[in-house]
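Going in written order, the chains are labelled A, B, C and D, and every chain counts its residues from 1.
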Amino acid sequence: MNHGGIVVWLKAWADQVNAEKDYISDLDNAIGDGDHGFNMSKGLTAYLDARAAKPAETISDEFKMLGMTMLSKVGGASGPLYGSAFLSMSKDTAGKEELNNGDIVALLSNALEAIQKRGKATVGEKTMIDVWHPAIELLKNNELTKEAIDGLVNATIPMMATKGRAAYLGERSIGHIDPGSYSSGLMLKHLLSVL
Amino acid sequence: MKKILNRPEDVVEEMISGLVDAHDDVVYRVGDTRVVARKYEGKGKVGLISGGGSGHEPSHAGFVGKGMLSAAVCGDVFTSPTPDQVYEAVKAADKGAGVFMVIKNYTGDVMNFEMAKEMAESMDNIKVETVITNDDIAVENSTWTEGRRGVAGTVLVHKILGALAERGASLEEIKAEAEVLITEMATLGLALTPAIVPQAGKPGFTLADDEIEFGLGIHGEPGYRKSKLRPSAEMAKEFYDKIKPALNLTKEDKVVVLINGMGGTPLMEQYVFTHDVLNLFKHDGIAVAKKLVGDYMTSIEMQGISLTVLRLKNPLWLELLNDEAKTIAW
Amino acid sequence: MKKILNRPEDVVEEMISGLVDAHDDVVYRVGDTRVVARKYEGKGKVGLISGGGSGHEPSHAGFVGKGMLSAAVCGDVFTSPTPDQVYEAVKAADKGAGVFMVIKNYTGDVMNFEMAKEMAESMDNIKVETVITNDDIAVENSTWTEGRRGVAGTVLVHKILGALAERGASLEEIKAEAEVLITEMATLGLALTPAIVPQAGKPGFTLADDEIEFGLGIHGEPGYRKSKLRPSAEMAKEFYDKIKPALNLTKEDKVVVLINGMGGTPLMEQYVFTHDVLNLFKHDGIAVAKKLVGDYMTSIEMQGISLTVLRLKNPLWLELLNDEAKTIAW
Amino acid sequence: MNHGGIVVWLKAWADQVNAEKDYISDLDNAIGDGDHGFNMSKGLTAYLDARAAKPAETISDEFKMLGMTMLSKVGGASGPLYGSAFLSMSKDTAGKEELNNGDIVALLSNALEAIQKRGKATVGEKTMIDVWHPAIELLKNNELTKEAIDGLVNATIPMMATKGRAAYLGERSIGHIDPGSYSSGLMLKHLLSVL
């Protein structure tokens, strides 16, 4: 995948988050503070605006632009998490013009590590990690499909949150999709489309 | 949604402008950031900063000034501010003795403030220490690894540490005092009506006409129980009966009580509740050395109230609370 | 009705108890009356008293203290206090130099305060003078012989006259200043939601989900016009455009602006409105020498806001506003 | 009429105000602050309690008890007005054990004067005076009936208030019964019953 593919991926993700921002916020309403859709939309729209004003020249710069925008425009929990993830991808792609599937797996793994370093959550705590982690495993084995991603997102429903704002609900967090998992699922599905 | 505002997306910008223009004797705005800093310099003293999502007014900008916060960062409504904004606050607050951050225990706040700390330390060599307030005992449970939320008690932390900084304490001394302080306070809140985030345009949760939520957080996060509306005295008793054991209060203790309106609660109701709360302390013979009543840490227009109790383990805390502060809202 | 209270008929009693217990460093309750008086004696100084129906908290008890009111009388909710209660306040406030009454212009208040004045004069030989505040320009009309209502501007009168008394002015001097002062201020208010008197249990009027009332009084008395909810800037402009000619404001003038929340209005909205109001003064080049924002004269839980402008005809007024006051809410 | 008659009159009035307090407050809601029924009921109940605890010995004391109670328990506009009225009646009846119709007319006329001295309103301003004044004229001529009183109360409907809280409504005060006129009407009707 080259820089063009990356751009198609990220723009498609941004468009879909914008289209679904109310739904995503509603997911957050059930177990959080109802802003995840607005937060993500704000960050991704700012990214679209930034790249419309001055396009990035390289893959690494593309990720950096997205990462910095998420970091400086979103706030909340998702801002620093997605920000750290894309800044990690920027670091990993420095000087690269083409990414193969192995690169992508490595890229995502390091990004996941950055998310975990920042957020200190592990698998099973009903956060975006519950999509990222198993999705990367599947991708390694070439088994990642859109249906599989939906499955991972839905698998957060029966979980009880122990990290993030939803953790304050305790057992009342059970029975709902984790909003960050949903937005991460969208991102991964659009990645699949360009792979 | 029925609110006095212009475009919902401009609400934080315009609110900051209004606040800074109205109180230009006390505060200023740092460049075009969302940082409200004090005009009093406090040269050579530790700078104290705080912040978080907007919607908790007068927290946090209302507590910026001599003897309290050096600067406050205003995030979007109920959304923690970004690291670059917090970083600006650190820079504005540093007067040579380092900066102390008071962070309320929410994932977003903790991450964004910590990133700003890393930025200030690595890029500007500013010494930064932090405390994470977690006074809300509504959601305490050892399996919930996020711990408790930081709520109204945070304002007492601002005042006590702000006075300590003003008296010239070092960053390490403030850190040490802060870590004890946060273990000696407990808060419980309840809501009669929800808050409406302007950009959402609708309430984050709903309550029936005769229903209240016990243990609610300051962003409308659910509490520990829904219940029918009950007399003020019974609600006060429910909170008192949970807070007393949480702090191991005995007749030997002196406490500070903060009764905090959630934004839409008339003072009439706050004082009725105060009457009921103070009766409970009187009954048990626990001395209330200081009482604060009013809107300190709100949830936009939410009707509701919280009760914070601080056990005065260190008598100095009372002195520090009584030290003069020159802020908008203390 | 969703309120934090016990029996509606006890609300005023319990509220006074809560207030007095919470702030026992500043105020006390006179015997078993509904009079809240200051602990600071002010020997040989003119005593300043005010009061009215309850439901306007922090008015009036919140403004009792050194440099402001000597005592406040708390009537039933939205009902002016009885003469015997006002008489108790006069007696508590008299420290040898007479007592000055600040009365808001409502038939009931005027009659009850005047009867108390007659009682104190005839039975105790206390010299009493009065001023009747009437800052609400919403209902001005020469055929309405009640004149205008007294609303939020009254708080500025309390502060200015209180500081004057504290500086040692005589009853006659205070009376003379008061009569000028009240002609130099104008207020307009609006409501988004009604207030609910606890004993009535239901709102005194209703507004549709998108409707507001311009010119509303502090007891829910109707204003001059119902309208659809409009952006804050337009509402600010409507008030500004009425107040400016009412006070004949020109570029040469300096003013004080008081933006007053009606009890249920979050500070977020108050500061957005402040931003819009200050822009209008800036645009016209009229200097705003002091700005006050917050809940000063409320209408229980009403969501709404009022704008008061005081033209600083006498520069002394600004000094007096800035004099120190030790009250609960100033 | 002797002391017993006076007591029957005033107690009947109190009972009816208590029974109609919500309605009277609703009248006040339309053009005032919605408390006239509660105010009157509070005062008259306090009067009933006071006389149950320690009955007055004379007509003059009976009026004094009622007047002082209205003055010290009601507040608002109606407290001092009714208070002044009944205190005036107490003064007028000092030493009297029996009142004839002429006495009653004189009594009411002086009470009206006390109301006007306190409230500074005249006929036509949509206040209780619009019942008191014409009712006294009719009584003088032996023409006062319950229907006539109802007529006087209803005659306040088309008036525009220029005194009292309703005056702040200006033209919006037109079209509603004046609550103080209604409560005064009840008082006069019960007076008629014992004459």
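Simple rule for what comes next: a residue touches a chain if its C-beta (ideal position, glycine included) is under 8 Å from a C-beta of that chain, and two chains touch if they have at least 3 such contacts.
Everything quoted here is computed from the prediction, not taken from an experiment.
Minimum number of contact steps separating subunit B from subunit D: 2. Note on connectivity: the fewest steps through touching chains from subunit A to subunit D is 3. Our note on geometry: subunit C versus subunit D, Cα centroid distance of 31 Å, whole angstroms. As a whole-number value, the distance joining the C-alpha centres of subunit B and subunit C reads 29 Å.
Here the CA centre of subunit A is 54 Å from the CA centre of subunit C. Taken as a graph of touching chains, this assembly is arranged as a line, each chain contacting the next along an open chain of partners.
Touching pairs of chains, sorted by label, consist of A-B, B-C, C-D.
Taken together, the subunit A residues at the contact with subunit B in this complex read 25, 29, 32-35, 38-39, 42, 71-81, 118-119, 125, 162-165, 167-170, 172.
Taken in their complex, subunit C has these residues touching subunit B: 2-7, 11, 14-19, 21-23, 54-55, 57-58, 62, 77, 192-193, 209-210, 212, 229, 231-233, 235, 259, 263-276, 278, 291-293, 295, 298, 300-301, 303, 305.
Across the interface of their complex, subunit D is touched by residues 53, 75-76, 78-84, 106-108, 111-112, 115, 139, 141, 143-146, 149, 197, 199-200, 204-205, 217, 219-222 of subunit C.
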